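Letters A, B and C mark the chains in the order given here, with residues in each chain numbered from 1 onward.
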């Protein structure tokens, strides 16, 4: 399997950048190799995750079968939470709340189709560079930098295993090159096969509240009636979705923004009956969220981007009807 | 030098229970007796205290002069865990000690809790692809500075189930490395304890 | 196609067996009874978890006190570790001993507390809101007030005196159990008596110690 993948990787490289010197893959190619490795290899590892002042040990198991990628991510000495992504669903086990969230998988189609190929725009937003690094876990590594050129996005510093392109260590870095969070494997096995039982959760969820989504296949003609007035530099709206929430009359709308590498989701749900809530900003590691009220709805932007970006996006979405009219500054906003 | 032991003034029933506790500590109590004993102990502070002293005996034997948990420790843990939907818990203090307040996480509203759930309907206007947008909205350039008041103490995603659910949904639409980052953070978020600086250090 | 070899784990990891503070650790009888208590606690029986706290409170406080620069915070951190363990109880499957799992949580909690006390070389983004930046700034001092130190000393003295005063067969039984970690069967063999007698002797030894502690701790 590995040999086959290596061949596929090479052919991808050859198609994508024919003018590159065949001997030394460049940074963009290393990024593609890594993305593909993460998505297509079978692996099982333990890593230490550090964000802010907290660190904890986690395990990740990744299994590919029948063209679908499945994974299990579990916190070993922190919250005990787990996320298990099977062929059909994603389960989020929260033993601290005795709740399991269940939703169907969002991606369809083949693995490789789901992988974004870094385009030329990526260079406008990030600086890419690759160099040889010192050994990690006894392996030769390349250090790949994807550093942001502005404050609206985070980048990565990745220590990639030369043979498999698996990231043995990674840091999420901000515009000043400082690490916002980090993870490094203390143990990693890349295997031909991973048994299905390795994806079984450790949590015994009997007695838990199971919160399930509806079955897939139920389609409703609906469209997302919200659009951003302005987007942060480099980002654009790439997809929209609708979520139906039981007990809530209006669907929750979901906008997906991307700059080709980082992504942000904006969720729009009906507001609280009891009145306006103050805007709030939260963050965990490099994941930031911003919540605010717009036209009686609660808008939440969330993504692996700096707080500035989620705030800008959350405060810029409006009902689509408002875009048709010429932009008139709202009374509470400064004139441009 | 055998000595006679002072007579125990407890009744045989209590003796039997306490002997079971002693066996439980050593892992020598038959499984079928554990249930009843645990329930009895849950109701009886005296039994718990005795259990604690039995454990203490072992600790002192193994580590003479060593560090010990203070007498109220287990009770404080129990209070800290306790199922209270009251806003704040005052931890019982002992002489010479300040009071620490542990603030409980705010309960999610019904909508907030359920917002991450239920049906996910992908909008598919053209056979298989989500809607895609080619142009950016708005002109490139600097964005106006928007200053908004930020709410006081913000719940972390770990305490807010809604945000945790959103992180899981969002992760599905990120690149593999982005998904791993977001999901790792969804797992890593502190599950329930908000640490706040004590507002007042009350003298007992 | 041969599978790739495991990447060797780095050194310096804080595995429980490197830092165990008591010789031998709990024997399997205790592990099983821990598992019994954990199962009940997972089903919602708080009483069962309270017993686990009672059983391991000293071990955890002792462990944490050794790891922290300021041992006076040991009880706060130990308390936090127990609460975390309670909340994460659903994920404990029994693949390891309960105490091993609890140990790791305690070490992790202590490590995070230490990290929050001093700036690390890798300066992490101060993009977090105020409330998240403030980890508990405890003003409590459980272990190091003069009264607390005196009490601990007195507890040790009282227990040791009580043990010294025990009839020899009771003292032998409890020492073989608590210090040597022998099972009832093994003690019965060593003392050439029935298992029931062993159980009774250990119980009576503990009762005598409990009686002597009563006036001190009530």
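As a working rule, a residue touches a chain if its C-beta (ideal position, glycine included) is under 8 Å from a C-beta of that chain, and two chains touch if they have at least 3 such contacts.
In this text the structure is predicted, and so the values were computed from the model without any measurement.
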For chain A and chain C, chains touching each: B
Maximum centroid distance from chain A, chain identifier (CA atoms): C
Per-chain Cα centre nearest the global Cα centre, belonging to chain: B
Mean-CA-position distance for chain C and chain A (Å): 39
Geometric centre distance via CA averages, chain C-chain B, whole Å: 18
Averaged-CA centre spacing for the pair chain B and chain A, given as whole angstrom: 27
Chain B, residues touching no fewer than two other chains: 150, 152, 154, 156, 191-192
Contacts with two or more other chains, residues of chain C listed in rising order: 84, 87-88, 129, 132, 135
Residue numbers of chain A (touch at least two other chains): 51, 54, 56, 74-75, 78-82, 96, 181, 281-282, 286
Residue numbers on chain C that touch chain B, as the complex places them: 21-22, 26-34, 36-37, 40, 45-51, 53-55, 57-62, 65, 71, 74-76, 78-80, 82-84, 86-88, 129, 131-132, 134-143, 145, 147-148, 151-153, 155-156, 159-160, 163, 165, 167-168, 174-175, 177-179, 183-184, 199-200, 202-211, 213, 217
Partner chain A, residues of chain C touching it in the complex: 1, 3-4, 6-10, 13, 42-44, 84, 87-93, 95, 101, 104-105, 108, 111-112, 115-116, 122-125, 127-129, 132-133, 135
Chain B - residues contacting chain C, complex: 1-3, 5-6, 8, 18-19, 22-29, 31, 34-35, 38-39, 41-42, 48-71, 73-74, 76-78, 80-81, 94-98, 100, 150, 152-154, 156, 191-198, 201
Residues of chain A defined as touching chain C within the complex: 1-3, 46, 50-57, 74-82, 93, 95-96, 98, 137-139, 163-164, 168, 174, 178-182, 185-192, 202-205, 207-208, 281-283, 286, 288, 306-307
Residues of chain A touching chain B in the complex: 34-35, 38-39, 49, 51, 54, 56, 58, 60, 73-75, 78-83, 90, 92, 94, 96-97, 99, 101, 103-109, 115-116, 156, 158, 167, 170, 172, 181, 183, 211-214, 216, 218-220, 222-224, 227-233, 235-248, 251-252, 254, 256, 261-265, 267, 269-270, 272, 277-282, 284-287, 289, 292, 300, 302-304, 311-312, 315, 323, 333-334, 336
